[in-house]
Amino acid sequence: MITISNLSASYHSDTELVPAITDISCSIDTGTTCAVIGPSGSGKSTFLRCIAGLQKNGYSGKITFNGEAVNPSEINIGFMPQRFGLLPWKTVKENIELGCKIKNVPLASRRKTEEILVNELGLQDKLERYPIQLSGGEQQRVGLARVFLLRPDVLLMDEPFSALDVITRESIQKVFFSLWKDASVTTVFVTHFIEEAVFLGQQIIVFSKHPGKILSTIQNPFFGRKDKVQSEEYLKFVYNLRLLLEKELNE
Amino acid sequence: MNNKVNTSFLSCLAGAAIILICWEIFALIVNLPIIPHPVKVFQKLYMIFGTTISAHLLHSLYRILIGLSCAVLIGVPLGICIGYFPKIERLFSPLVYLLYPVPKVALLPIVMLLFGTGDTSKVLIIFAIIIFQIVLSIRDSIHDISEELYYPLKSLGASFNDIFFDILWPASLPRLLTALRISTATSISVLFFTETFGTKYGLGYFIMDAWLRVNYLEMYAGIIVLSLLGLTVFCIFDLLEKTFCSWK
Amino acid sequence: GASNSEKKAETPSQSKKPIVIGLMPDTDSIPFIIAEKNGYFKEEGVEVTLMPFKSAMDRDAAMQSGNLDGAVSDLLAVAFAKSGGFDVCVTSMTDGNYRLVAGKSVDLANGVGTLKGKDVAVSKNTIIEYVTDQILAKNNMSDTDIEKVVIPQIPLRLEMLQNGKLAAATLPEPMASIAIFHGCKFVTDSAELGINPGVMMFTKAAVKDKNSEIAAVYRAYNKAVDYLASTDREKYIDFIIEKNGFPSEAKSALKLPSYHKAALPEEKDITECMEWLNSKKLVSDKYSYQDLVVKGLF
Amino acid sequence: MNNKVNTSFLSCLAGAAIILICWEIFALIVNLPIIPHPVKVFQKLYMIFGTTISAHLLHSLYRILIGLSCAVLIGVPLGICIGYFPKIERLFSPLVYLLYPVPKVALLPIVMLLFGTGDTSKVLIIFAIIIFQIVLSIRDSIHDISEELYYPLKSLGASFNDIFFDILWPASLPRLLTALRISTATSISVLFFTETFGTKYGLGYFIMDAWLRVNYLEMYAGIIVLSLLGLTVFCIFDLLEKTFCSWK
Amino acid sequence: MITISNLSASYHSDTELVPAITDISCSIDTGTTCAVIGPSGSGKSTFLRCIAGLQKNGYSGKITFNGEAVNPSEINIGFMPQRFGLLPWKTVKENIELGCKIKNVPLASRRKTEEILVNELGLQDKLERYPIQLSGGEQQRVGLARVFLLRPDVLLMDEPFSALDVITRESIQKVFFSLWKDASVTTVFVTHFIEEAVFLGQQIIVFSKHPGKILSTIQNPFFGRKDKVQSEEYLKFVYNLRLLLEKELNE
């Protein structure tokens, strides 16, 4: 279980200290997924960076995994930043395998998985390219392939499907889903699409506008239920989430 | 690809032609032995290359290569550590800033005291001048790496080893090559200062000796060989850049 | 003890310590080169390494850092080193010449006086400046009567003089002869004035520890002087020019001095030189002949 | 901010202390006039600073500043043009590659014949050595600018003027400062070579003269002043970087 | 009118020449909007770069504005690249005003517009920051503010709202709409959202998968009609577009 209590983080901007998130407390059960939605600039990326132990200026508050402090070399955190985090001097293949290499996962055992994954993400004929030679969506898929191949304990993804067209997006959502089911990866991801949050998040955290607080933490009854998307309850649920955000932004 | 190499070779030839023409015109105007005609210099060069200059060339090459290699082997890890660890930076940057401007030329007596008049001293002076150039370039290139590039590694608790080989080294390689171009030219100049004592071999010695003998033809022949040596090294660096920094 | 040292003297090649001597590209160094070439050092059973230098600074740096036992040098360098705290001494004089040469277009009707107010190239605080000042003094001029242009690089001084950028320059041999060979005009030189600041310098430590070896070096030196005096110039001039790095014109232009066997410098040379150093405030100590010169090595 | 300046000042002092202690220990071990005790050197420095060294310092400073400024004024636009226009690159890069390794030290006779023994020659040699370092650094930094940065300007048909001031100049500024740090140290070393002729002023002259006179106390005093001069310039560049490259 | 005929472009990748778009012909009337949708990596960004005259390796085919060849210094092309194209050494304010500065538009005359725009995009308290100090969505809004302030003749936007949350996205769509109405800007934009394409594009161009050809050019009857989103025709229209993409990708 990931437990976050009284998390605050801020940035130095010239002379002042600008708070990015203030007093965030929540918990995510092991093996569950959690979607984070909220206005642009509300601190969602900052929140994810804090969990991954990457917030440079540090933070106040406490983040624990199963009661212990975060130690990225012990647990496997797969983190996909908003800008994908590809290393420009590595080929697509090297970038995909980077996570496993760092974690000393024998790649031989992953060859099969890797091949399937690369095919599912449509990267099979781009393996020898450098990131600069890819389109935006292709770069995003490489970033996804890296964290998927690693099969991490904790998966943190910042707007993971934002640069993909609808069809590719849905097929990759499925890839994620089967990975999650297989390996029951504890997942926190940021998205701007309420429908996506509702489809993929067992728990939905709604951020307030800047500086980010938690507006609401919702247990999502429609998780994984594509069959319900036409139902009235679903539409109402989605509509209420929308209303929450709208009210927050138009205050 | 082949075409590209050809063009750059051609434009190099064109550059050489321009320089030679300017030189010839200048020689005609000045009309003094101190500025000999290029043709004569090349004749001289052709005559003495095999018999004498090649031996001098090898000695200089050896000294430059050892000096450069040591500077890279020590300077790159040092520069990377200074750039990456703020604590090491706080300790070493002032040392570098204080020691870099110390004119190494004036420290010759000390170097001779410690290492004699042999090759060690010569290589050491080259090394001492160049290492700072490399450390500073590498340090600044590490400072320029965007924070985001570290995310995928650091979130996995990567060791410094991993960060070094996957990020710091490839990120600073292009600027290391820029620094090496500058350092090569510097070390060529430093030859004039290190090869004037305790040796009878080396292009620095050869040129100074020719100068003292007022043999301008030989002096210029030596200068040409030295320049060509530099040009060769530059082209090697260009090739390395094309090979290892093809991701740009 | 005594029998031991006698034994050493008997089997010299085995027990004598090696000696390193620094040379300059001037005429003073020629006997050493000849001695090496003709194997006189071997004959005397001493292992001598001759280390050529292109500039006095390099030579002094090597000397002061203990890489040399002795060097072809001059009184000024010795005085400087001594006042700088290095225990060195003069062991003999050497034969060199420093010449004041005027440019092609200078009219020398008035002798040295012609140079009043004109550019004369020297190197500062060196034997060259000393000789220049002595020349001026002999002609009742002071060093403010001419414009001293400082150019330490000898070939550069030569080149500037030959191209009319200077009225005159003081040059060591063989450059002075070359300049004259190319049409520049001889004014006067240290030989004419009877001053001779060129000396052999040894460290006190070498004089103490390698007394017999230095003596052997001087025996070889004297053999070389004999050879130079008795042998046809043609036989060795090419070798000297090659070995010492002299310009090829030196072959015909250079007039070698008549070399003397190892001898102590004259008292006058040292007192005049010290006076000059003291008056210019370059050295504050007043060294006497005894302070500087060590006798009894040859 | 104030705090930061204080820390860096303190760590500079600590660096100086380390160097001085090493020096003192070394002096004690060697016990030769070649390595005088730092205390004595500073006493000497204190004694002669006002009377002699300050004048030498001003002359050297003047020459370095002129040489550096000219190199920047010409080198930066040239480097930017070479890096930005492939055609100019094809013409000039070979020239730079051919001319850079030519040892400027060996061209001293020509420079003096053409420009005499005055300040022009001295500044010109500093300039000739440094300009290449600047041109190469700037050229390589222009090559490293990502294509995408040009899009918003080029799509508006921006003039070269706009591209220069909005992209090329700010993008290469950080690396210009790195190059300037290296160039400053180089020009300090070059002083030893330019201030030996035709002048009685300048730290290069002062140190070489003290060396010749075997006055190691004065020589080291001069070296210290030269190093402090370099340190000051380095700190100025650091300040410039903090001010003008705060976007990093 | 923008006329594009037989446009093809390709990239050098190691030794081979990889085509990105092949033989594209279409035309966009002056003052109309055109949405481009298509699979990830199909060449949409390349297409936009060609129109803006930025394709580095060049292209074959012909692109004309009102019958004349493209000359970016004569007409005003506002181009917003996929990665926003902010200059890292300029503050937000300088970045926003860059377009006007280049085009010598007197800024004094735009002060009022600028202030309104900055407020509408929620950037008012970030004007003195550098891009690196902004969140992803904030950066995108700066990029949008730049092209909006310029009021260009031709507006080219590559996934302009991809990093924004739903509410902000919709409010900025409105800003765009009123700009378009005011100044009748000829607009081409890429989007991954069929609904967005249908709302903002009078014409919709559908790209095939890589290498990109035009699958279909559709005149859109639901342009600007938020009121119709519940209607059956609308849902059918959207569904058909989706089907088109789905078929293309699952082939």
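Before moving on, here are some points about what is shown:
The first chain written gets the first letter, and so on, giving A, B, C, D and E; residue counts start at 1 in each chain.
As a working rule, a contact is a pair of C-beta atoms (placed from the backbone, for glycine too) under 8 Å apart; a residue touches a chain by one contact, two chains touch by 3 or more.
Quick caveat, the model's predicted, so the values are computed rather than measured.
With steps allowed only between chains in touch, the distance from chain C over to chain E comes to 2.
Shared contact partners of chain D and chain E are absent. With centres computed as the average of Cα coordinates, no chain lies farther from chain A than C. If you average the CA atoms of chain A and of chain B, the two centres end up 48 Å from each other.
Averaging C-alpha coordinates per chain places the centre of chain C 38 Å away from that of chain D. Chain A and chain E have CA centres that are 27 Å apart. Counting partner chains per residue, chain B shows two or more touched chains at residues 32, 34, 109-110, 113, 211, 248. With touch defined as above, residues shared between interfaces to two or more other chains in chain C number as follows: 57, 61, 64-65, 155, 159, 163. The multi-chain contact residues of chain A, meaning those touching 2 or more other chains, are 83. The set of touching chain pairs reads A-B, A-E, B-C, B-D, C-D, D-E, using the touch definition from the header.
Partner chain D is touched in their complex by these residues of chain E: 49, 52-54, 56, 71-74, 76-81, 83, 85, 87-90, 98-99, 101-103, 130-132, 146, 150, 156.
Of all residues in chain D, only 7-8, 11-12, 14-16, 18-19, 30, 32, 34-35, 90-91, 93-95, 97-107, 109-110, 113, 129, 132-133, 136-137, 140, 143-144, 174-175, 177-178, 181-182, 184-186, 188-189, 191-193, 207-208, 211, 219, 222-223, 226-227, 229-231, 233-235, 248 touch chain B in the complex they form.
Residue ranges of chain D in contact with chain E, taken from their complex: 147-159, 162, 166-167, 170-171, 245-248. The residues of chain C lying in touch with chain B in their complex are 25, 51-55, 57-59, 61-62, 64-67, 154-155, 158-159, 163, 175, 178, 245-249. Remark: chain A residues 11, 13-14, 37-41, 43, 45, 82-83, 122, 128-129, 133-138, 140-141, 159, 162-169, 171, 192-194, 242, 245-246, 249-250 touch chain E in the complex.
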